[in-house]
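These notes open a run of structures that come right after.
Look at the two complexes coming up: subunit A is in both, with subunit B in one and subunit C in the other.
The block that comes next holds the complex of A and B.
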C-alpha cells in the first residue's frame, strides 16, 4: 500500500510541483494519474519509489517512510517504467539489459536466467535476446524496457506514459497486458494523457492540476464530467462526447465504454422500430 | 549536476549582463593568467575577492555559489594531492626540506596546497561568472565578429546551449537506472567508476541521435544556403566596456609588476612575526 500524506514537493529551482497531496493506493489497485502538462503527475509518482523525497509531508510504502529507505531498496517492490526507453537501455544485448536489475538485486545466477527467460516470453521478444537494444524499433525498445522492469516481478508497477509513440496494435496489446498484470493482483499506477486508453481500462482516476488533486473516482464518473475534464485540460473520450451531444434525446451522459454505448443505442433503435 | 547549474545562463538585466562578451572574455582571461602567475596564497585570496563585486552586480550570487559547491569535490582532491605529493616529494616550489617535521614546515606545505586549490577555485569562479552572465546568442555573435567561420561559431553555441539539456537528461537517466536497483555510491573506487557506465552509454547514444536529428532539421531549413550571412544585431563597445578593458589592463600591469618586483610574504611568515 502506498500512502501520500500532505505531500509537498519543491524543485531546487524553486518550482513548487506538489502542494499537499493526500492519496492512498491500495494493494492490487489500478490507478490512472491524469492532468495537463506540468500538473505534477510524474513528480508525484517519482515519490512512490523514493526517486524524489518529500519537501514536506511524507510518503509511506507498506508503512515505511520513503525518507528512510534507499531507492534501490524500494525499487525491489516498486518497479518504475520510464516514459522514454532510451533513457535506460545501455547493454550489448536485450538479454543483458533485462538481467541488469536482477544482478543489482543480487539474485542467484540460476534465478536470473529463469526470470530473463520468463520476461522475454512475456513481452514476446525472445527472438531478439541476442540483438542489441539499439537496433530495435521504438515499440520494441519500449517492450524491452518493460521486460527489464517486470523481470524481477515487483508488486507495484508504475508506468509513465506507456502508450506514447505506440501504434494502435501495440497499444491494444499493452492495454491487455496491463489489465492482465492487474488481474494478477499487481498494483498498477499509470501516468497518462490518453483518455481513450483510460476509458477502455476504466481504472480509478485521479485528476491533477497545478500540483493538487482536482478530483478522484472511477474513470466513468470523472471522464464524463465535462467541467472537470476541461479544468484538467483533457477532453472526454469520443464515445462520451457523442453521448454528451445527444443528451437532449434523453440518453445517459456517463458512458465511456464502446460496448455499453452500442447496447444503449441498439436498445433505442429497437424500441423505435 | 550542480556544477552545470553554475554555468547555465539566466536572463537577467544587469550592468554585467549588458557588457560586451568579448570584453568580458578578455577580463576573465586576465583573471586566468593572473591565477597562473601567482603561487602565493595571499595573492590568490586577493584574486578570489576581485570578481566578487562583479558577481553581486550581476545578481547571480546564488548560482555562482552553486558552481563553487559543485567544484568542491575536485578542489578537495587537488588539496589532498598537493599535501601528499608535497609531503613525500618536496620540490623547490614549496621550499620544504625533506622530511617535513617541524610545525612551520607543515604550515608552509599547508599554505602551498591551499594556494593551489584556491587557484583552481579562482578559475572556476571567474569562468562561472562569464557563462552565467553571457547568453549563448551573444557569445556566438562575438565569435562571428571576431572573424571565426560561421560553422564553428554555430557548433560552439549549439554545444553551449545543449549543456543544460544534457544535464537534465543525465538526471533522468540516473533516475531510470536507480529505479532498476543501481546504487551509484556503493563499492570501491573501481566499482563506482563502473557504476557510471549505465548512465554514460544512454547519454552518449542520445546525444549522437539528437545531433543527427538536429543536422537533418537544419538542412531541411536550408542551413548554409547563402554564402554571406548578415546579422540583425551587431556588437558595439559602450562606455562600460571601455571601463572594463581599462580595469583588466591595469590589473594585468599591476600584477605583473608585483610578480616581478614586489616580494609577497607568505601567510605563515606573516603570522609567525
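The block that comes next holds the complex of A and C.
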C-alpha cells in the first residue's frame, strides 16, 4: 500500500510542484493519474519509489516512510518506467538491458534467463534481443524500458506515459497485460494523457491541477464531467463527446465505451419504430 | 503540384541487415495535410528523415531509388539547402533543443539563414506566440516539462516558415487540451499559410479531421493511401491495426446491427449530426 500524507514538494529552483497531496493507493489497485502538463503528476509518482523525498509531509510504502529506505531497496518492490525511455536505457543490447536489474538483485543465472525470455516475449521484442536499444524506434525503445522493469516482477508498477509512440495494436496489448498484472493483484499506477486508453481500461482516476488533486473517482464518472476535464486540461473520450453533443435528445452523457454507446443508440432507434 | 516525390525509395541503415524503407513510391502535393501512420517500427520516422536529408547525409547508409523534395534531389543537396524548404519536429524534443534559452533555440535556424535582426525578432515572437509559449522565452529548454519542450521544438521549426513541416508525433507529451491547440495551430499553418503538413501520428481520433490524406505504412512500404474516410472504413486498415477513431467505430458497430448512417463519420461533430438526424426521422 502506498500512502501520501500532506505531501509537499518544492524543487531546488523554488518551483512548488506538490501542494499537500493526500492519497492512498491500495494493493492490487489500478490507478490512472491525469491532468495538465506541469500539474505535478510525474513529481507525485517519483515519490512512490523514493526517487524524490517529500519537502514536507510523508510517503509511506507498506507502512515505511520513503525517507527511511534507500531507492535501491524500494526498487525491488516498486518498478518505475520513465516517460522518456532514453532516460532509462543504457546497455549495448536489449537482452543486457533487461538482465541488468535482475543481476543487481542477485537473481540466479537460470532465473535471469527465464525472466529475460518471458519479458522479451511479453513485450514482443524477442527479435531484437541482440540489437542495441538505440537502433530501435521510439515505440520499441519504450517497450524495452517496460520489459526491463517487468522482468524483476515488482509488486508495484509505475508507468509514466506508457502509450506514447505505441501503435493501436501495441496499445491494446499494453492494456491487456496491465489488466492481467492487475488481475494478479499487482498495483499499477499509470500517468497518462491518453483519455481513450483510460476510457477502455476504466481504472480509478485522480485528476491533478497545479500541484493538487482536483478530483478522484472511476474513469466513467470523471471523464464524462465536462467541467472537471476542462479544469484538468483534458478532453472527454470521443464517445462521450458525441453523447454530450446529443444531451438535448435526452441521451445519457456518462458513456465512455463504444459497445455501451451502440446499445443505447440501438435501444433508442427501436423505440422510435 | 508535387512537392515531394519518391520513386522506389529503398534505404538501409549502416550495419542493418534489411532495409527500413522498401521500394516506396509516393507523391505529396503542395498544400496537402498528410497523416503518416502504421505500426511502430514500420519506417515512418526513417521516411521523415529522408524528407529533410538527414538520410542519407547524416545517417549515411544506403539510399536507392529516387527522392525529390521541393524540386531538389535529396541525395544531391545538403541538409542546409533542404532546411529552407523542410522543417522537421523531432519525436523527442530533447534531441532537438540545445540552446540556453527558449528564444535562442527558436532563433537558431533564422540566425543560420542570416536574417536581419528586426525580422528575426518578429518571426521568433510570432512563432512563440503561435506555439503558446511567449512567456517562456527566457527559460532554459532543459528545465521545461516534456510538453513545454515539445512546443519549443514546434516553435523553432515554425519560425523558419518552411514550405513543408514534418512533425513526428508532435503532441505526444502534451495534455489533450494542449494537443488540440497544437493541432489547430498546425491546421492554421496548412489552411491559412498553405504550408504542406506531414504528421506522423497514431492517435487518429485527434488528427483525422484536419487531414486530406492518410498514408499507412507497414514493414517499410506504403500499404494504404487515401482520404481519411476511405482508410478508416477499409478492412486492410483494421487488419494492420491502424487505430480507427471511436466515432468511425461507433458507425461500424451500428452498421453491424443494421443501422446505416448516411456517410462514414470521421469526427465527433459529424457523428453527432448523423445520429441526431437518425434519431429524429427514421
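Odds and ends about this structure:
Quick note on the criterion: the second predicted complex is superposed on the first by the 273 of 273 C-alpha atoms of A that agree within 3 Å, B and C clash if a C-alpha of one lies under 4 Å from a C-alpha of the other, contacts with A are read in each partner's own complex, and residues count from 1 in each chain.
The rule is short, and it goes like this: contacts are C-beta pairs under 8 Å (C-beta built on N, C-alpha and C of every residue); 3 or more make two chains touch, one makes a residue touch a chain.
A quick note: this is a predicted structure, and the numbers were derived from the prediction, not measured.
When the two complexes are superposed, the chain touching more residues of subunit A, out of subunit B and subunit C, is C. When the two structures are aligned on the shared chain, A:101 is found in touch with subunit B, with no touch to subunit C.
Judged by the touch definition given at the top, the superposed model places A:71 against subunit B, while subunit C stays out of reach.
In the superposition on chain A, A:129 makes contact with neither subunit B nor subunit C.
Of the two partner chains placed by the overlay, only subunit B lies in contact with A:148; subunit C stays clear of it.
By the touch criterion stated above, A:86 is placed in contact with subunit B and with subunit C alike. By the touch criterion defined above, A:221 reaches neither subunit B nor subunit C.
Shared-chain residue A:237: touches subunit C; no touch with subunit B. Across the superposed pair, subunit B and subunit C both touch subunit A at residues 84, 86. Here subunit A touches subunit C in the complex through residues 13, 35-38, 83-84, 86, 135-140, 161, 164-171, 193-196, 230, 232-235, 237-239, 241-242, 245-246, 249, 258-259, 261-262, 265-266, 268-269, 272-273, going by the rule given at the top. Residue ranges of subunit C in contact with subunit A, taken from their complex: 13, 16, 37-41, 45, 91-92, 94, 143, 145-148, 169, 172-180, 202-203, 205, 241-247, 249-250, 253-254, 257, 259, 268-269, 271-272, 275-276, 278-279, 282.
Residues of subunit B touching subunit A in their complex: 169, 172-173, 175-183, 197-198, 201-202, 205-206, 209. Within the complex, the subunit A residues that touch subunit B are 46, 49, 51, 70-72, 75-76, 79-80, 82, 84, 86-90, 100-101, 104-105, 134, 148-149, 152.
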